[in-house]
Every structure is written in C-alpha cells, then in structure tokens.
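Read from first to last, the chains carry the letters A, B and C; within each, the first residue is number 1.
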C-alpha cells in the first residue's frame, strides 16, 4: 500500500470519526475536543491535496481561533447544567431520515459524475500561487471579507456585552 | 490511487454528519459546531477541485469560507451569550420567538 | 462687513442655539432639574410653585440668555442686511436637475436651490420674526424660571426661529416648504411642552394632524406649479394664466388655511393654548400663524390671475373673522379669548388678501404681531401672578397690584380694538378701505368683526383689571424682566400704525385712497364696542347674564364654538375610526401584523370607537391573525414554528428534493 493512500484513509477517519463524535457527545467540552480532532483530519487532507497554505491556516484559524472561542463560551455559560437534559430533539428520526434521503440522492448523483481529466498545478510554490490569485483576481472580495470581519467583531462585542 | 472523487465522497460524508448534528441536537453550541463541520466539508470540496483543475481559485474560496466561518462563529456565540443571559437556556427548541 | 454676502448667517445663529440646546441639554451640567421632577409636581396650568426649583445648579441660568443672544444676533444681522439692499443668494444646489416635461410639453428641469431671497416682503418678515422673537425669548427667561426641561424649551424656541427664517427667506417654494414643515414641528414640540399632561399632548397631536391636511395641499400645489411653470423659484416664475392654475392656488389656499387657522382648519389653534404662554405669543399669535398670509402674499401674482380663488379667500376670511370673534365673546379662559381673537384677525387679513390688498394684509400682520404678542405676554404675566389661574371669572381688580401689566395690556387692548391713533386702527382701516372698494358685503363683515373685537377685548380688560377681585391667590407684579419686553412691544403697538404709507411704498404697493366714510365708521365701532363692553361688564354687572338667558340659543351656539369641533369629532374622528376598522379587516388578511398594530394604535389614539371595533382590535389581533394564517396559508403554517431547526429541516428537505429530482432526471 502506497503511503498516500494510507494517509488519506488515516486523515479521513480522523475527520469523519471526530465529526461523528462531535455531534454525539453529551458534554460540550468533549464535543469540542472531538471537533478539534476532526478539523485536524481536514487539515491533513489539505496537506495531501498540496494546499500547504490552507493546512497552516486551518490549524491556526480553526483550532487556534474558533475552537478556542467555543471553549471560552462553553466555560462562560456553564453548559454542564444542561447535561442531564435530553440531548436530541424529539423529532430527531425525521431529521436523520431526511438527511439520509438527501445523502443517498447526492451519492447517486456523484457516482454518475464524469470529471474532466485532471490538470497539473503550476510549478510555483503553493503560497505564491494563492497569494497571486488572492491579491490579483480576488482583491475586492478580499477587502470585503475584511469589512465583514470588522462588522462581525463589532457585532459580537455589541451582542455579548452586559447591558449597562 | 486516490482520485478527486474520493475527496468528494469524504466531503459528502462530512456534510451529512454536520447536517444530522444540525437537525437533531438541542444544544446550540453543538449546533454551531455542526455548522463548522458543514463549512469544512465545503472546503474539502473546494480544495479538491482546485487541485483537479490545477488552479488556486478554489483555495482562495476556501480562505473566504474560513473568514465567513470565523465571522459566523463570533456572531453566533455572541448571540448565544446574549440569549443565555436573558433566557438561561441554550436548548434550541425552547426558543421559538422566530415566528412571524 | 458686508451683510448681504453673509445673509446666510441669519438663520445659522438660532440653528446653532437649537443644536447646542437639544444636543447637550440632557447633560447634567446644563440643566440639572430634569423635567420629570417638575412635571410630576405640576398640577395646574402654566406653572407650579416648587421652591426647590429656585436653587439653580450648573449652567441652567445661562440657557435663556444664551438663546436670546443668538436671536438678538440674528436680529442685528438682519437689520444690517435689510438696510444694505436687496439680494438673492444661492448657497448650493439642493435638488439636482431632473428633466421632465411641463403640462404644456415644454422641457423643464426639476431643480431646487438652497437659496435666500431678500426683498421688501421677506425683509419685513425677517425683522418681525427675529425682533419679536428676541423680546419673547427675554420674557421667557423669567417666565420659565421655575420649569424643568428649560433646555428643551429654549432649544425648540430657537429651532422655531430657525425654521421660520428659512420659511420667509426661501427663494423657492420647495425650500419654503421645508420651513413650513419645520415650524409645524417646532409648534408641535412646544404645544406639547408639558407632555405629561394629557390635554397638552392631545392638543399638540391635533395641531400637527390638522396642519398635515394643509401641508398635503401645499405638496400637491408644488406639483401643479412645477407642471405649469417648470420651476419653483419665485423670481423665475412668469405668472401667466393657465387652465390648471386655479387648482394650484386653491391648494395653496388650503395650505394657508391650515397654517393660519382659517375655516375649515381653525379648531387646532384654541387647543394650542395648552403650550406655555410665551409660545402662544410667538408661534400661535405673532409669527407662525401668519405664515399662511405670507405664503399668499408670496404667491400674489398667481392669486391675482385666479379671481375666483381670490374671492374664495376673501369669503373664507370674512366667515372666519365673524365666527371666531363671536366665539371669543363667550370664552372664559383668558388665553382662549386671545386665541379666537387671533383667528378672527387672521380672517381680516385673508379678506385683504382676497381683495388684492396684499400690502394691507402684511401691514396688519406686522401691527398684529406687536399687539397680539403683547396681549399674550400680558396674559402670561397675569397667569404668572395668579399662580396658573386662567379663568377671567376669578380675576378682577388687578390694575392696582399689577400696574405695569395693566398699562401695557390697556395699550394693547386699545390697539387691537382699533382705538383711533393706535396701530390696529390704521392697519384695520387699510383693510376696511380696500374691502369697501371691492365689495360692500366684505366691508360689512369687516365692520362687524371690528365691533365684536372691540367688545370682547373690552370685556377681557374690564373683567381682568377692573371691578372687585374674585380670586383668592395673593397677587404680586411680575418681575422687571417680564415687564420690560412688554413696554418695548407697546412702543410698536402705539407707533407702528403711523408708517402705513411708507410701508406700502416700500413694498411697491399703492394704498387705496382713504374714503372719508371708512375711517370714522371704523373709529365709531371701536369706541362703540368698548363702550358697550363697559356698560355690560362694569356699569351694569348682571346685564350680561340677563342678555345671555334671553338669547339662550345663540349663547349655546357660541359656547359650543359653532359645533365645529363636534362636527369634526363626529364626521372625521369617529368616521375615520369606524371606517378604519373595516378597512383593517380587509387589510389584515394580507398584512398580518403591521397593519393591525399601526391602525390599532391609530384607532385607540383617536379614541371613541364603537365596542365592536374595540373587541375586534383587542382579541381580534390574535384570533383573526391565526384564522387568516390558517385559512390563507394552510400548508405554510406548519413550517412557521419559530424553531430554527425546523427551518433548517426545510432547507435539507429542499436539498433532498433537488438532488432527487436531478437524480431521477439524469437516470
């Protein structure tokens, strides 16, 4: 077995297994840790796909940023109080069934897909490539994204602060 | 050999996991995590096709998706805090003020 | 200093004052006595006697002088400008060009400037607004000393002066409309100054809503003028007859009747007396209510082209003058008497406008501003001294205790009644002379009004200042800061009349040659009316009551104010409320929430509505909404659960459906 294949299945099982654990855990803290595993798996997949920049971003932003935020909030709101409650919605079979239906349809569709022949990435390094595309072709969306983040920062501060 | 379709299949599986979490859990924090899973599924898809087509546009889109995910998480958790302060609950099916 | 080039500064001073007060006013250092505290303690009318409020803190003492100072600056500046010449100054293009065809198919451009026009007409108004405005500001400093929310009072007063200046200085109809709406706003804010008192807030609402009717007319008139002339600028409109022109002037007349409280829109003005008395003096007697007269004088070239509308103007004026004067005779509230008197005098001005004697109307505006402001301020002084008492039946004999107030009130009363030699005599005489030339009927109406005016003013004066004192509060003359502005105004009330012919020639008008019958007649009715009042209320007290019981139906009619309020209550308030209810029923099926709440609010606001509509609104909101949703949107209802997850479920279902559809199609 080729090393690539081994790593693909390893990372895939990390990503999917972590995801499954994340949505089934009773404790929010456990769920967050499972999510971290899943995100690490996704990061590994990026590496296999030769997206080194995204690999680093994934680890820094998701695991360093978003997940930490989740943990902070979990600590703040003392979620363990709700631990004894029912964890799943009373209509959960309906949700699962609908999701399964959509999954089957999508899987069938994907199995019929015919992709064009793959192309080779340019030989330049990945970071240069991403930078060129981002700052030449997608400069305006990039600036808009910064604005979005600014709004999100202001908005979340406004939402979360204590009323005077 | 691992083809693009393998990655798409992983992406689909992850999307379904996230969707199930989104639809069945009662805890808002875990629902937000499910959304992160869905967004990651999207990212895997984007990056896989970026490689398939041999250009970096897909990766750039993935970066934008990450930015949106960050914004969403920040605002979502802010709303969660405000909600918790007012309602003392994070069970999503106890919050039904969204009608008309 | 070139005053003409800095014309734009005139309205800036009061605007600055208003901004300063309204933006910073709520901060502690400016006005530590928040209004709530005082309004809670306020029982009777214009003021309470809270000794705590005498200990001022912070910069409260500076608010009044500061705002008065801004108006004084504005006054001095306009003096400088008026005596430097005439000009039209365009500050910037406000509404940029939008091409459109006129009614005749000529190409035109919809454009409006923010520009000021200084011609004799606006000069008169500017000087009047700032000059009298300044005196009333000064008077207010002492009058409002004990009230909370002082910053709000002076801020709104300055705001009013600003908008009034925009109104009279505008060089086009659109900018004039800005001022027109703005003074309405300031008037609303000031009538409702004691907003915790129900009558005050109701009166503010009433004034605002009735003015809206006129404003709608103004807005439509704007479109007619644009369509006819293609421009709104005063100096570019070349007046020429047009089949649609009567509509434009008719709508302008409607606007003027709203602002100037003429039939059919006059009932808001007496209620507006709920505001502080200086406000009544400035806004509801001297300046704002004359804006309608100003508008018609401004549009004089158009009105002279539409004689049918002009004669309607005169008819409205004559009817209003007589009806309002007759109501004033039976009023007991000192401010209400003056309010009806104002309506009646505005009616006289409308007579002058209708017969084309624009200068006479404007002249009466000026003289009336002097003596009516003075009368209101005197009334305020009396109310101040009597601790909020406004009923003339509980006054009497005040001339000994309040010599300054009495003397100035005496002068102003004679001036309004038209005593020969005082201001009112000359301006009224000019109107009567013009009316005599135009139509004997209008002259007769003017003469009757003059007689009634002299009579009710005599009644007011004799009941307040002569005879025995019928109240029980200890009386004290008002402070000098209040009486000095009164004396300043009396100078105008005495002297302003003598400038009739210079005034007319300044405006470029030729006064009607005096016919020698008119002047003695008007002098005779003035003296006669006063003598009659003397006989009724001093010489033979009790005679008035006997006359009243002898003519009971007439008295009843007058006391009910000719049933105008009841008519509106019955036809409009109730009618609209009821009609609104059934409109609501059909509206609600489409707009579920906003319509119910909005109209429900409106309905509650207008009050008296039948029980059916009431229950319909109260629990109907819930039941009917549910029913409507159930029937009209049967399948959608189950999706609107309010749970975010069910919405997500719908999204995933749609995804499954979409994917399934593609799957089946590509199979």
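To be clear about the criterion, a residue touches a chain if its C-beta (ideal position, glycine included) is under 8 Å from a C-beta of that chain, and two chains touch if they have at least 3 such contacts.
Small disclaimer: the values here were computed from a predicted structure and weren't measured.
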| item | value |
| --- | --- |
| Category of the chain touch graph - line, ring, star, complete, other | complete |
| Between A-C and A-B, the pair joined by more C-beta contacts | A-B |
| Approximate Å spacing (C-alpha centroids) for the pair chain B, chain C | 61 |
| Chain centre separation in whole Å, for chain B relative to chain A (CA means) | 6 |
| Between chain C and chain A, distance of the C-alpha-averaged centres to the nearest whole Å | 65 |
| Where chain C touches two or more other chains at once, by residue number | 645, 649, 652 |
| Contacts with 2+ other chains: residues of chain A | 89, 95, 98-99, 102, 106 |
| Residues of chain B engaged with two or more neighbouring chains | 19, 23, 92-93 |
| Complex interface listing, chain C residues touching chain A | 645, 649, 652-653, 655-656, 659-660, 662-663, 666 |
| For the chain B and chain A complex, residues of the former touching the latter | 1-2, 4-10, 12-14, 16-21, 23-27, 29-30, 32-34, 36-37, 40, 43-44, 47-48, 50-57, 59-60, 62-64, 66-75, 77-82, 84-85, 89-93 |
| Chain A to chain B touching residues, read off their complex | 2, 4-5, 8, 12, 15-16, 19-20, 22-23, 25, 28, 31-32, 35, 38-39, 42, 45-46, 48-51, 53-54, 57-58, 61-62, 65-66, 69-70, 73-74, 76-77, 79, 82, 85-90, 92, 95-96, 98-100, 102-103, 106-107, 110, 113, 115, 118-122, 126, 129-130, 132-134, 137-138, 141-142, 145, 148-149, 151-153, 155-160, 162 |
| Chain B-touching residues of chain C, taken from the complex the two chains share | 592-593, 625, 629, 640-645, 647-649, 652 |
| List of chain B residues in touch with chain C within their complex | 19, 22-23, 31, 92-93, 95-100 |
